[in-house]
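Chain lettering (A, B, C, D, E and F) follows the sequence in which the chains are written, and residue indices restart at 1 in each chain.
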Amino acid sequence: MPYVNIKVTREGVTPEQKAELIQGVTDLLVQVLGKNPASTVVVIDEVETDNWGIGGEAVTVLRKRGL
Amino acid sequence: MPYVNIKVTREGVTPEQKAELIQGVTDLLVQVLGKNPASTVVVIDEVETDNWGIGGEAVTVLRKRGL
Amino acid sequence: MPYVNIKVTREGVTPEQKAELIQGVTDLLVQVLGKNPASTVVVIDEVETDNWGIGGEAVTVLRKRGL
Amino acid sequence: MPYVNIKVTREGVTPEQKAELIQGVTDLLVQVLGKNPASTVVVIDEVETDNWGIGGEAVTVLRKRGL
Amino acid sequence: MPYVNIKVTREGVTPEQKAELIQGVTDLLVQVLGKNPASTVVVIDEVETDNWGIGGEAVTVLRKRGL
Amino acid sequence: MPYVNIKVTREGVTPEQKAELIQGVTDLLVQVLGKNPASTVVVIDEVETDNWGIGGEAVTVLRKRGL
């Protein structure tokens, strides 16, 4: 029954990587908490780099500086 | 003043259906909790089927199997 | 498979009212979108009135003014 | 280490305005709570007006009425 | 820079289990997406069983029926 | 109409600080985006240090090391 939300910047995450995240998080909840995988929900949000800030700056700006 | 977030897969929800969800949830909060509808906020997130996992698999994969 | 999060102020919501919200939102998603109720998740967050602001003020302050 | 999520309707917010929001919220958390700006994360979600409801109606409908 | 939110019912999750979830999710994001662990944030929300609904019923009720 | 959610660790935030955050974020949205303060909602979540992870470790552990 757990619900997991993963937020990352939208920078080319592939369907295969998303599948790995979904499987990996679900397995983790089964192993650590004994949760039922059938009702474990994982939602991935991909956020534009203009819309994600860290250290007071948008990731778009950080990427231009090579960070 | 309540805030409600509804997350569903992006699979063709129409503006009319969204309007029904917004109206229905708002009415429910008025009826059950006596909340003021004027300040009740409903936000609907439509999530790509690649980004929604259940049972360790993406919904894209489940749909291909007819689930 | 939908996920719904309802946030309200913590001001004496009873278990019966929570049950009505859970049932009501689940029914709505079945009726409007044809979703499977068995995998519809509803999470209710009750937020302290000090921690909820509207119009630039905490609800605690609004309540003291009779609002 | 704080995490801030700002949700607004998708109605032409510019990259410059997003940068101001990110900088402003980060500064606020430094000033009020003494948080480390380097690990302060701000995520802005822009929501379609069909998907945002207030007062039981979608913002799309409110905008057509000039509200 | 990812942000992960894990929601589970409040049913006796120990600090050790929380540490395993935090470590496990962080490792997963490093392995699958090459993210920097230093800025990966994981927030665990424990939700009262009265406040978590699935299949139209609160988990409190499901637990009484042995589910 | 914006909705802002601020998540911080539960480490003694006072009601006065919460009021400053609510006022400050609301003012920011008015100044930057011209939003109506009356319908701007701010919700502050205080998260136990066991439940907040960064760099793969719970904040409880980081605090014991003086970080």
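As a convention for this text, a contact is a pair of C-beta atoms (placed from the backbone, for glycine too) under 8 Å apart; a residue touches a chain by one contact, two chains touch by 3 or more.
Nothing here was measured: the structure is a model prediction, and the numbers come from that model.
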*Chains touching chain E and chain F alike, please list them.*
C, D
*Touching both chain C and chain D (chains)*: A, B, E, F
*Could you work out which pair in A-E, C-F or A-C copies the interface of E-F, where over half of the contact pairs coincide by residue number?*
C-F
_Which chain has its C-alpha centroid farthest away from the centroid of chain D?_
E
*Based on CA centres, what chain would you say lies at the far end from chain F?*
B
*asked:* Just the number, please: Cα centre separation of chain B and chain E in whole Å.
replied: 21
*When you check chain A against every other chain, which residues touch at least two of them?*
1, 3, 7, 21, 25, 39, 41, 43, 52, 54
*Which two-chain combinations touch?*
A-B, A-C, A-D, A-E, B-C, B-D, B-F, C-E, C-F, D-E, D-F, E-F
*In the complex of these two chains, what residues of chain D are touching chain F?*
1-9, 13, 17, 20-21, 24-25, 28-29, 31-33, 35, 39, 52, 54, 59
*Any idea which chain A residues touch chain C in the complex?*
1, 3, 39, 41, 43
_For a test of understanding, state which residues of chain E touch chain F in their complex under the given definition._
15, 18-19, 21-23, 25-27, 37-46
_Interface residues, chain A side, partner chain D - complex_ = 7, 47, 50-58, 60-61
